[in-house]
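Same chain, two partners: chain A is paired with chain B first, then with chain C.
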Partner chain A sequence: MIDLENISFDHCIKCTVCTIYCPVARVTHHFPGPKQSGPDTERLRIKNPELLDDSLRYCTNCKRCEIACPSNVKIADIIQSSKWKYFKKKFRIRDYFLSHTDLMGSVAVNYATLVNFFTGLPPVKFLLDAVFLIPSKRTFPKYARGTFRKWFRKYAQKKQAAFGTRVTYFHGCFVNYNDHSLGKDLVTVLNAMNIGVDITRERCCGVPLIANGYIGKARKNARYNIASLQKAVVDPGSRIVTTSSSCAFALKYEYANLLEMDNSSIFNQLNYITRFIYDQFQAGNAPPMKPVTIRAAYHSPCHLERMGGVIHTIDVLRRVPGLELQILHSECCGIAGTYGFKKEYYDVSQKVGGALFKRIERVRPDFVITDCETCKWQIEMSTPYKVLHPVNILARAFER
Partner chain B sequence: MKRIETDVIIIGGGATGCGTLRDLALRGIKAVLIEKNDIASGTTGRNHGLLHSGARYAVNDLESAMECIAENRILKKIARHCIEDTGGLFVTLPEDDPGYHQKLVEHCRYARIDCEEISIGKALRIEPNLNPAALSALRVPDGTIDPFRLVSSNVLDAQERGARIFTHTFVTAVIQEGSRVTGVRCHDTGTREDFEVYGQVVINASGVWGQRICALAGVELKMFPSKGAMVIIDYRINNVVVNRCRVPSDGDIIVPGDTVSLIGTTSKKIDYSQIEELSIDDSEIEVLLADGEKLIPNISRTRVLRAYSGVRPLIAVSGDVDGREISRGIVLIDHAARDGVEGFITIAGGKLMTYRLMAQMTTDLACKKLDSSRKCSTHREPLPGSELKSMPGKHIKFFSGIPQSVVGSTLYRHGERVRQILSLSKRNYALICECEMVCEGEVEYAIRHLNVKDLVDLRRRTRIGMGPCQGELCSYRAAGLFARLNVATSAESNGMLVDFLEERWKGMKPILWGDGLREAEFTHWIYQGLFGLGDVNLPGEEESL
Partner chain C sequence: MNYDCLIVGGGFSGLTCGIRCQGAGLSTAIISAGMSALHFSSGSIDLVGYDHERKIVYRPFEYLEKFTGAAPDHPYAHCGVETVRESLFFLKDVLAAEEMEIHNNGDENHFHVTGMGTLKPTFFSQRSVFNSAISQAFARKAKIAVLNFEGYRDFYPELAITNLLNNSLFRDVEISTGKLVFPDYGDPQKNPFEYRSIDVARIFDTIQYLDEIAEQIKREAGDAEFVAMPAFIGIQNYKKHHQILQMLTGKLIYEIPALPPSILGMRLDDALKSRFAELGGVLIAGDMVKGGDFRGGLLDHVHTQNYGTARLRAKAFVLSTGSFFSGGLVSDARGIREPIFDLRVSATSPRSTWHSPQFLDRKGHPFLEFGVETNGRLNPLDAGGNPVENIFCTGALLPHYNPIREGSGGGVAVATGFHAANQIIKACG
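Right, the complex of A and B next:
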């Protein structure tokens, strides 16, 4: 059956520039590149779904092909939807756990110390490698104790009522279960700009679910999030921000293009945080900043590139006095969410990131700055540098 | 001058000629086929590739309809890898005469064509892209047939049984001794050699070009050329054949053909002098697209790849009107009885669907002349590649390591012969054509075993250059292979490349707009701008400084 909603493959003129920009095709011959995996073979799959190539699994959904495409072909979307439309559904316990981040997180935060201790133990890692095909070389992200939501309700929520302007914060799983400090810093930054923070009910944005083929669940989460968020932005002036570039990308673009959900009610009001701050700065809401005298290398995540949001982050960071910013050549770090956590793709993942790691080492920064949490894990694991979020930097600049 | 002796000489490498070659070979009779261009390069390869159920003819021409359904059932058995049993629909649109539906049902019943009346809901489930405004739908056993593969398989089988074939070879004279035709004189355009072939029977199976062959033998035969144009859509927009349920007219069928869909056809009387240089008018394209859109509305949003036309080889037997009313029936002429010329047979009329039957009739007549009593077995013997029911899973497993899309596509095109084509060496499955998944192994196989002399021939055997890019990425790679396999010099390869691109260009010219235009511009930029193909030395040209 032909789904005519996405016939963008019809516009491909085979210029192959997407394959030139594909970070995976560059490092492995197992992936023939986005042109062949997307528009070329989509025609064949329409004819006969049996002509589906296994190599499609190598796509990380980084979307760099779509940025490169001069014909506006939704290459990565074609590949993702082919993956879940045509591959036989096989239940894999590993993929289930990797993709259900909020389920995993809500359990793990209660036993954070224990979980962090065990996932760091070599025998446990060996076991995970052997049984679940999670590479032992991979460092696991640490879980935080308790959730960000709990902290927010307890310590921050009351103060927010004092602010006349408030934004809704979609914190995402990473802030909620892994790193509260980013959420806390966001509250600091926005409060310093005289803006209050609200949170509303949310579920995982769906990025890992999409990557692992749990489309039904991803749609369910999308429906939940859209319903919850649109209640928060009934007033056309109200805004939603996220501190995860991939969450923002999913909420805005994957929902509409890949999951075919109507997110028009939140689309214009939802933005990645630096875009929001950039707009505020432009409008004159730019409180004085303290110098943050560090030397940092900035890495632009793929999904932020796809949204065209990198310029906002860079502009905002450049306003921080004392910050010496080296913009790294735009490269994929290779982790691609859950991709780098799978044994079969671990080597590809590290090879993809290799070029970026070298560039970072050449800069010898004090810190690396990036917008994406999984990029952060990858870089912290593969280089000796600590990775900060732009909001962490702003929080230092605004600290009283 | 070189001289070849044989029993039967066939002129014309279309479906009928090649079918006859195979029939003769199966009956153990020596035969030689002469084709002026490439096999299936004439009318055989220039139609919409419909495996007729006969329903299209049921109302107007019951005899043809019955021939069609009989051959339909045979071809589904002997030519599995050239055929897709997609099924077909006849749909009545609001502007059509609703009475035709009932008429068609009755005539189909009479012709014993399985014809099932189904609800619009069911029709939409079978073909989701169908115009939902349709009033009624009929389901018939239509399918699709690939004429190139069909003809190539016939030739392959015949050659493996000892028959000989000369492509790119003209017949320059018909040799006669008294009132008896004894052979033909030929000119090979590749080697530029002349040679003679002698045999007891000469069969003129050259379709619309038969008028000329007859003239060479001093016999008069008047052909009635009628042009039909078609357009090709970028991808397979429908999975079943969709017919318009009305009196046959322009633009009333959309056929899924391999990875594309075709809208057919128009019908226009042309002068005999025009048969070599067919052109397509804008008006024909407009009609085809407008009517195609009525059957499948989404066609308006799809890229058109190319337009082409063919000539129906109809023989003017009575007062002709516009080419559509004439019977497309089979015309077998024994010139001994008709004109007093012994040893000369003309087979014409008919259609791709009935090629096997035509071959059988012709071979029976030739056998009578040769005093042979061997019986026809082409209705039983499967073509090479079609021996077994296709089981893609089995082959994909066998060739694990090669991308599924490559194994599947090669299997689709060559049936069981895939085992002789693919191998696990990386060079073998390196892609040459990225749109249609043609790998190096398939190109080599075609060049070595399927009478490929140039890139255009290669396209007919493999689908190279038939996808959305129309030769943009595959043609230079394939041209290079001709040189590497030592079947052409590099200058000759360049010549092939130019000819091939010109041939592709011809079909794109009538539809140059939108994405097709962008693609053509890009192709031009690669070949003219990047490769400087306009300045490359071609065979026979002086070395320039």
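Right, the complex of A and C next:
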């Protein structure tokens, strides 16, 4: 029997508008585009899974097709769920390592200097390329020494009790294992706004697991995170924030739509950080900022676009005195999480981002600003510019 | 969030209104759920093409002077003919600022060729569809080659030519056909691509293929002076590449609007969005307004799918959500509704009167003339019949006009968007 709940593909009127705005179909003829890979062939796959076409692996799950669709078809969700429903499970050590970010991170931070040194060595890169199909041209994000949680417990946690209002911070893997400074800056910013920060138990939000087909594990993490976070927001006034736009997107939308989990107990209280700060500013909690003298180009990540969060980031940034902000035309950077770390997609990934890189070069900013850590890796690797998070900018403006 | 003007619907009408408001210094946001009907349009802008007897209108403004007097509920009558004219030339300037050339035949309509090979009267066209060189070539009955791209499924030159030759204007014109191929693609039948206009447009957008394409055009067109192709000559680089192709081939190259996705329509969409962003407007894409709250007879705020409980406030709201196709109107067993605010709708009853028994009825279908009832300022009416003075309805959402029968869809979208903007600017200023 066909599941009658899942017939959003039937609303597709075959207008092909999604394919126009697909960043992957734009650069490669090997991807037939979201219409064909999604609603067109879903009806075939439902009848007979043998009719699965390998080309739908090219989809990066950027969700731009869903933004473009005039008929409200969940095109990217259809393609994503087909990937894990119909492809035969094959264990691939590379995909396992790329997607289990918290496992990798918790080991690597103990030997960060060593790991960073080795992953930068040409012979190691050559080996990774030849054996594991991780492109040698790709630079690896650096691991930090120790975890953000450890730092937070040691240096920040005690001071937080002094604040009457506190929020729960879902820091995610990137802050915990790669970039403590973003987490530290978040504490600076919220404390400057007279808000304390709590952390609670969390696991990887599941974005890389979903992308690599580890759906069982993704659901397990989702269940864990929902249970842990809902304990933190028993009081309806309490809030959860994240500094990763993709974590926020997963916790709010991928959990409900793709993993079919009930996240209603946290949905309304959980927000990406700039939305939270925007609301605070609107409510009058806007401490004075000092000028920053930065000329920056802002890149809006796909998942933030899908959530409709871009206007909050732009609004918050526009309030920073001295920040000269150039908004870049909204385009995918191409990395799509772990996609750009795979040899078979590396060239596509770089081509997708090509237009964005050119635009950044034309602006010649001091910095690029974006909300997503993987966009940051992609832009830092492919352009000469350093990439900051909106919270990094706010921290500078709030610093005493 | 707080704006002077919040527009629900990012189509032709909403964008025109947004550009006018933002350009006049009002803080303006547009919320858009999916791409608009411009992606399904001819890319020419019709003002009024046919009178009530389906006869072709050659001088639209003159016609409208008389017509609007007799049809006081028509959107053009609400705007006034002078505003209609002003709005169209405002649009032409907006597009010129984006380096998009729009051509008109003075105050008269001109014709564009359709994918079926029929002729349609229209007011504005893009350079590759109408300009003086093209009209001179038509007048001298220059030889035409209609070319197609092999593997492209949405255009059948033989059909178009048969229809064209039935038209008295083309009776003694020599028309040939030919095919272009893209060698790197191999056998198109085995390719996963299904060759829609967008796929071919991407080839034309890529400069390194132009020499090869030009050679093929020369070979296939032979001694024809005039080459007609479906509109797929690029999106980002269409202007430059169209010129390069004309230079390399020494022929006039004409674009025929084809089936969706409409490349000509997308160019308009791109240019308008780019202009709106350039002026500092905020486009909220991929979100849907779910409802709003009224206070003292005025709309206070709206809320959306993505923003959940957050309120979006504005001094004035514009509803340019389109007709049935775009979801601005919905029909069910009970009747026709406007789904966001349940505004009062003009429609006939019972259901059997909504459509004509023939699919291609020359008079068009009655449901095309349904829409949200407004006063002359385009304000909708509340349950008590009083106008809601800070909501303005524009474009295909409006009743009492038939875009298909009249050939007036584009003009009404632009004129009512502009008319609403003028009043909002006055009210906010």
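Operating definition for what follows: the second predicted complex is superposed on the first by the 398 of 400 C-alpha atoms of A that agree within 3 Å, B and C clash if a C-alpha of one lies under 4 Å from a C-alpha of the other, contacts with A are read in each partner's own complex, and residues count from 1 in each chain.
By definition in this document, a residue touches a chain if its C-beta (ideal position, glycine included) is under 8 Å from a C-beta of that chain, and two chains touch if they have at least 3 such contacts.
All values reported here derive from a predicted model rather than from experimental measurement.
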Superposed partners chain B and chain C on chain A - clash or fit: clash
Touched partner set for A:His11, first chain B, second chain C, both or neither: first
Partner chain in contact with A:Leu44 - chain B first, chain C second, else both or neither: first
Partner chain in contact with A:Gln36 - chain B first, chain C second, else both or neither: both
Contacts of A:Ser71 with chain B and chain C, given as first, second, both or neither: both
Chain B versus chain C as contact partner of A:Glu305, first or second or both or neither: second
First, second, both or neither for A:Asp366, with chain B first and chain C second: neither
Touching partner for A:Ser55 - first (chain B), second (chain C), both, neither: both
Chain C collision site on chain B, chosen from 94-102, 274-282, 454-462 or 490-498, when both complexes are overlaid on chain A: 490-498
Shared chain A contacts, counted only where both chain B and chain C touch the same residue: 15-16, 32, 36, 53, 55, 71
Residues of chain C that touch chain A when the two form their complex: 1, 29, 33-36, 39-40, 185, 191-194, 196, 198, 202, 260-261, 266, 277, 282, 284-288, 304, 306-310, 326
Complex contact set, residues of chain B against chain A: 128-129, 234-237, 239, 256, 258-259, 298, 301-303, 392-393, 396, 403-405, 408-409, 412, 431, 434-435, 437, 467-469, 472-473, 515, 518-519, 522
Touching residues (chain side chain A, partner chain B) in the complex: 1-2, 4, 7, 9-16, 32, 35-36, 40-41, 43-44, 46-48, 50-55, 71
Chain A residues within the chain C interface of the complex: 15-17, 19-21, 26, 29-32, 36, 53, 55, 66-72, 267-268, 279, 305-308, 311, 314-315, 327
